[in-house]
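The following pair of complexes shares a single chain, chain A, combined with chain B in the former and chain C in the latter.
And then the complex of A and B:
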């Protein structure tokens, strides 16, 4: 789910940048450091605006000035139990991977309705059932996120389509 | 093992992972409690606006700051292009206005509103199944009315 979140980031400024362009440099550094990153729990997509740049504090021992920049950004954070749409990126015999934005969600066989079976003989491997519902590469599916694990810089998730109103989307 | 006591750790501990955030029958958003939510269409609108405002040189004559070129950003942008249901800014803001009514009356939360605008359910039953926290919150009639208003804005071009 997308949010507009207020966040803080600490930026170190080398003394050679202590001139009239310092504020501009700090803003650019913020954009570079933080935009398009994955913190492990959420993804910061784009910075909307900077609310406040704090007074600088010189770190003892180094000449760097430290600024705390408060800003607002569009972030994306998945939640356990959330229903999301995504595009299938690959199908393997015990499930398939769905790309939901920057997150890859794995739907295992246990989380797929038993009526859907794995077929490897057609042109592309797929899961399909008797009624013609097919999940293959580039299909769009609606799934519920069942679990998320986050490490610094990466997120892993598992999902399910084994419920009412989940599965392939009619286009 | 006995021995001299360890000195107090002076380095900052990594904040412990809370881990119990979920959006099932209850909404536990952790640090996102009370943070404004955006549906896919609204996020798409904001990012398009940022793109245009950042591609122009601003008033102080500073050079434009380019949008990020990371995997996370590119994949998210492609995802939004594919899955937004309300492609124009006008329809997206109309959908927001329509669904915001229920939030203003204190019936649903910001998160549930964004889910309704993103998932575009047809029936009350579908909405309550996909968003379990809606159980017992809004009357069926009001929810169906909101779903119908949202569906009307969809353009099938």
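And then the complex of A and C:
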């Protein structure tokens, strides 16, 4: 789910940047530092506004100035139980991987309807059933997130298509 | 899951009450029974007004670390447990057999969490990595064997085997040298033909400075057909030490339809090891249906499933761009391939020219070739920690950078061009002519040959003449046929046996039996290979660097896998000596004595056998075949031949037997002539000549020894100062030798240059290897002739 969230970030500025352009540097550095990062629970998609740049403090012993920047950003946080859309990145014998934005979700065989069978003979490995539903590389899939685990910088999730209205999306 | 009491409890404990019965559903950490135990505690004693230690009976609950339904409880009320005890069996709803990034893929539970009463980590339940492109997906051993069984059934139905294919130097050769692109754009370049079908791609995140680096990929000749045919018999997997992006780009080039390799690509990002390749990574359960092709045996620890191919070395001297992650390659190999460059062959015969042409190939090898055994061991042991991986990645970056900057291909081509220029321009031709003249008729042939193709002489550095894949395809097809013949035979036999037993068994069981009868590809490959060089006993000479144990050398191991046996020295059983064409070693000489029985061949023969999987005819690979039995003499004769003066002298020169007499006379005459002054000289002469006395006979003998040596010296000197002597000789045709000329000089004109003659003779007799003095002698001779 997407949110606009107020966040804070500390920026250390080298003394050589102490000039009239300092604010611009700080903004640039903020974009560089936070956009596209993964905190382990959410992904920061884009900074939409800077609320406040604090008065700088000189860090003792280094000469660097520390700014606390309060900003608003669009973040994406997946939740357990959330239904999301994604693109299949690869299919293996015990499931398939779906890219949901920057999150890689694995859908295991147990989470795939039993009617769908794994085929490796075809040119691309896929899961398909008699009704013509096929999950293969690059198909669009709707799934429910069953579990999420985050580490600093990366998230893993387990998904399921074993429910009504889940599975490949008709193009 | 079987539940035990942990070791950490304060035994003995006594069960006081059972809280659950079989059949109950429990959550994690639900109490199963209560118990009491004895412990020492400190209690505040009011009377003594201090803490005292007291034994107390304490009560506690035993909680289940698993969730699920209780199948059985093996604990009774009142039972005393004295050590780790089996409590009961819990049937778990999810066994967490497939885990992705630390979460169970079937129930979504975080497996990395550890409870206070956990005895084993949840992540330990799934440890096997079976998927090519993802390291985060792990499955349990059971799950892996199930998947393996499925895969096997599928393969057997399709009558296919698995083939693991290495990329670099096995089916392609890659370089980042931008020279390739320049050559591609320039049709007049001698290498244009070879590089015109080189493919290129750019990796942005990879390479030095992450600024995007172009990779140039040359496919091994015949690769397309090879993959096409082989994919009918094998399911192909890529296993490379390149990065994932690199591997995928290559796959796009060699398999644009995505049909042959599909998703089965394993790169170093997922390999799990930076220094070795392991079949267990791809086939964790068993490797009976797997064949590997790779140009490096060591990274596979010479796995029996391996078909080692000779490395494809198209971009000369580049090597494997991803090899910084692998243990250093011991030298040789590929070198013999270079000898097949037909255009260089005539040049080689001109002895002086050969070293000039060779370094281009040898250079690159020497750079990464001089690796001692110890270094290799160290690098094989390979530290695997993060630091070393980073280090190696940096090392690779550096190498790529160096390649980008140094442009080794361009440099090599320049060297070649330079050598060629040199061969064309007049002074070099003159020099070659001199050499040719000395070589006599033999040289005449090669000179005409060289004259005939001066235009063809324009070397192209890159040769596109590799035939490895052709033979490899054949071998792989043979293996496939042999494998399924064996399978047919075994299953037929097994079925008969089962019918005889009248034991139908459940379907599942039968299928398991079926897999027992699968032949092992490793065994089949080994037995096929063993036949190739069976009965061949090899001795290596001059091809393996000193200090390397021959038995563990790459080529030796390779040869052994083909059934050859290898020994250090020539024995009665030796059939082949593998030698280098440049050096005639003692072993070669020894082998030459037993001509007919022992074939002396170049390494190329061995590689031809390896490539073609048959004992190739030795004839085209024989070397040193003209070597006479007594090798020691040969070298001298050769050396002498190089210094042999021109023909006219050879015609008039006396036989060696005649010389001593002359020299005896000369000495005597000199002695007489110089009187007391010459006595000292004579003494010296005697000493050096080995005689020592003043008497005629002895001095004659001494003179004889010194004379023949002197003769040789003189000849050498004459060769060195050829222009001078030749000038001198033209008029003095009457004088048979320089020595004789000296005599005449000394005889005829006393006042002119007697001293000089004396000094000259003396110097020569003292065997001073000094051309200056020789020139002096020649000069003197000339003077005398003029007069």
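Quick note on the criterion: the second predicted complex is superposed on the first by the 171 of 171 C-alpha atoms of A that agree within 3 Å, B and C clash if a C-alpha of one lies under 4 Å from a C-alpha of the other, contacts with A are read in each partner's own complex, and residues count from 1 in each chain.
Simple rule for what comes next: a residue touches a chain if its C-beta (ideal position, glycine included) is under 8 Å from a C-beta of that chain, and two chains touch if they have at least 3 such contacts.
What you are looking at is a predicted structure, and each value in this text was computed from that prediction instead of being measured.
Colleague: Quick one: name whichever of chain B and chain C touches more residues of chain A.
Modeller: Larger number of chain A residues touched: B.
Colleague: Where does A:63 make contact in the superposed view: on chain B (first), on chain C (second), on both, or on neither?
Modeller: A:63: touches no partner chain.
Colleague: Tell me the contact category for A:80 with respect to chain B and chain C: first, second, both or neither.
Modeller: both
Colleague: Return first, second, both or neither, reflecting whether A:158 touches chain B, chain C, both chains, or no partner chain.
Modeller: second
Colleague: Between chain B (first) and chain C (second), which does A:15 come into contact with in this model arrangement: first, second, both, or neither?
Modeller: Neither: A:15 stays clear of chain B and chain C.
Colleague: Using the superposition on chain A described above, determine whether A:111 touches chain B (first), chain C (second), both, or neither.
Modeller: Touch status of A:111: second partner only.
Colleague: Shared contact residues on chain A for chain B and chain C?
Modeller: 80
Colleague: Inside the complex, what are the residues of chain A that reach chain C?
Modeller: 80, 90-95, 97, 106, 108-111, 120-121, 123-125, 137, 146-149, 151, 154, 156-158
Colleague: Mind listing the chain A positions that touch chain B in their complex?
Modeller: Touching chain B: residues 1-5, 24, 27-28, 31, 35-38, 41, 43-46, 48, 74, 76-77, 79-83, 85-87, 99-102, 140, 142, 144, 150, 163-166 of chain A.
Colleague: Which residues of chain B touch chain A in the complex?
Modeller: Those in contact with chain A are residues 17, 21-24, 29, 32, 35-40, 42-43, 46-47, 50, 62, 65, 67-73, 75-76, 79-80, 82-83, 111, 114-115, 118-119, 121, 126, 129-132.
Colleague: Would you pull the chain C residues touching chain A in the complex into a rising list?
Modeller: Counting only chain C, the residues touching chain A are 98, 100-110, 112, 130-134, 136-137, 139, 143, 147, 150-151, 154, 158, 257-259, 262-263.
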